[in-house]
């Protein structure tokens, strides 16, 4: 099916072209966030991700900086020119977050939180709806209807791995479902290989696999010093790894007859047919 | 481990004795709720369940009566003398529900909704925390810490079936986990064979199995005319089935050296040793 | 449905009454097997289990004693008067095993080994068909048709736990399926709480739960010194634990209006109605 | 890790280059097999697959042509010049199949059939060991040790989808595990998108995804008229679909700096750097 293009900030996600969402799991400080934002922008990323309210299994794990992170995160987003995407975890956060983020993210743990979805459905801001790690495709699409039904049709789906008996990797990356949804839904599909694998060296091959399966965007966790990250340190890419991923992503997209969104500099001048 | 006894309304759950929570999936009308409440009380149930805010996969499915159900539900609960338990789905419902219910229920879809749990942790009202159908035991216990950490230690766990590859039954009833938790937690454990099986004729044998595995209470869906129920019609017991279940539950409890809580009328006069 | 009674050696499994299959995971020596056989017989068991060909995940794990175990195992079985059940893992073992065992067991790993099943279908010896830890109910019943289709209708099904995302216990004991099969199949159903839990202290409560769910027999691993067992040492019951289980199993069966098969000594003299 | 190159017939699988294994699910007739063999050869495939002994869930489903298929299958394989790979399901088939096939395939249902694996380990013929749809990575690698331990180190692993709660697609294609194994094993890895998706239109995107994830070969079911196939009709590619897949597979491989094995005709003359 033809994929809808949705405007997040000043940039489109979906449609014909391919986008990159990058940033830290958690925003830890303005220095950290700025250095990442600058770097991923330079490599060609289109959107910034950064967790402010973190949902962690253990209540004593780092829960994110909370509200105090938004003023500087918003400013950095404006300065580097990348729209900001951050997770919302409580319907009462929506109103104050409206001016702070360019798109809401609903995490895997909240996909079934219909009270939150209904409230987000009343806004006009795009929502990246991550699949619950236990949701069947039809349940995921039904969850999207809680948004659409309230009036917000700017839904972007994000596959981030499901739970199976296999525990060697953090999750099982269900790329079948990406290929399936490209034929049965017109929502843009984001693939998150960071959470789907949980192992940084697997992020690059699985990001490329997600592109080949038909995803419209990648969401990737990047950190200058992954081992020091306050959350998800095993799965974040360092700067060199992210640079390598961007280079290979362009090649795979090119082979598929696609390209990075508004990526004029890197756009191949010859058509794909030239070297068939 | 010794199981904590927690007061819900005027009655204890946990501790030495066994309790029955019964009622409709959804409260549909005052007549429906009153007839069920009266019947289950007469059969020896200790608590009333009744859904007012229903979380349904499809937004167009019946979503419960909402706020208008509480005045009559509260009155019926008082009249028949059974404490009322109902599901909370949004942190903003907590304050107005405080005087309307005797215990909050957190449904399977919201076990990972930590914003809701933290807010419930600030109250002094017992919380029945259903296991997410995809939660590992340690994640379930960690979720309980969101309640306890905020000051509310009156947590009751409820196993209601997990998701596996087997789809013959609605869920896979994980009684292993009940047996495991009786040795590693002191929270009372409720077993919900209605959701765990999804098939009414399986509710009785699986309720008895849950008792044998060590559960402290059953939560059972009862409806006078299950086929006409607005939700979960396949799994509700009719009155005859509930009566049969209560009779057999007493026998199994007796065989295990346990009994229904404050069930003086039905208490066997001879000790278990008498007929060994 | 009415459950078929199948003769294994001189004793029936299925039908109205309840049976106990007990023995070591692996037969380790004649002393070990004899001491277990004697003990479980005295406690009221009806059949002996004992692994001779063990299927182990790692090829360097203990693989069972192999053929040399059969002469003494057969003799011990005859001497204590309990029919012998042992696992067959290769179609070429069937012919020589015909005179050595009273029933074949097909393990979980071989439920989908249709070449083995077809060959067993040509014999007249009962087959205990364990469910693959990944088999849906319909696949399990279809596997049984490979036996029946070849002419051997003496099939006994054994639920021994399935694989899910939950890894706290070795497997997830799918008692729902036992309750379901009692309504949709007339094969006797054995429950194996040893493999289904993998933790010896959980075997007793889950054995009782399986009885309550409707099983026709238990298969339990017993070892005089579980910690020294060459396989499955975490899940074997010691003699005291087995004795305790037998005592409680009798009580639960009694509460359900059932009894241990041909258990004249322990049969309650008063009918269940006497103390209703 | 550096991937081992293994000789199947006159051709290598693994090593640096990429291979294609194609053919019908079941060999149905000499005409059918010959037309497929010719076609896939012309498109650049390297190996022929063709089921002769089919393991089907229901004993009344088509079970393959059996022995009578081998004479013509062997002849067709020789004639078109593609080595023949076929499934073995019983240790007693190994000896007579030695001269008939160039590699044995062990299907998903038999990965845990260690008696079969041990016997194959005594031969010198390569074995394609499909992952059981329920096997953890470590169990799969342990199964390979049953082959290697007996003396046969020519093991090729094949990921063909695992079982999860998601049933929209036939299986969940675990490409994470391919990326993981490329870093932890030196066996060649085959990806089977036909069984992993069960839906023919998903085979192409998922085949490309598997290449991007790092697979060394594809195994694809091809049939001139899929809707008339005697088995797996939903997932077989027709000739046009296979042609399209081969074209795109070449492009993706090229983008990754790889190429089809001994694919001189189609080898790009310009290096990848030329059009960066």
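Each chain carries a letter (A, B, C and D) given by its place in the written order, and its residues are counted from 1.
In this section, a residue touches a chain if its C-beta (ideal position, glycine included) is under 8 Å from a C-beta of that chain, and two chains touch if they have at least 3 such contacts.
Computed from a predicted model, the values in this text were never measured in an experiment.
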| item | value |
| --- | --- |
| Same-interface partner of B-C, chosen from the options A-D, A-C or C-D, over half of the pairs matching | A-D |
| Chain pair, A-D or B-D, that carries the greater number of C-beta contacts | A-D |
| Averaged-CA centre spacing for the pair chain D and chain B, given as whole angstrom | 50 |
| Chain A and chain B: spacing of chain centres that average the CA atoms, whole Å | 38 |
| Geometric centre distance via CA averages, chain D-chain A, whole Å | 34 |
| Junction residues of chain B - those touching two or more other chains | 134, 138, 163-165, 167 |
| Interfacial residue positions of chain A with respect to chain B in the complex | 55-60, 89-92, 109-110, 112-116, 132-134, 138-139, 142-143, 145-146, 149, 163 |
| Interfacial residue positions of chain D with respect to chain B in the complex | 163-165, 167 |
| Touch list for chain D against partner chain A, complex | 134, 136-138, 161-169, 171-177, 179-180, 182-183, 196-197, 199, 201-202, 205-206, 208-214, 248, 251-252, 254-256, 268, 270, 272, 274-276 |
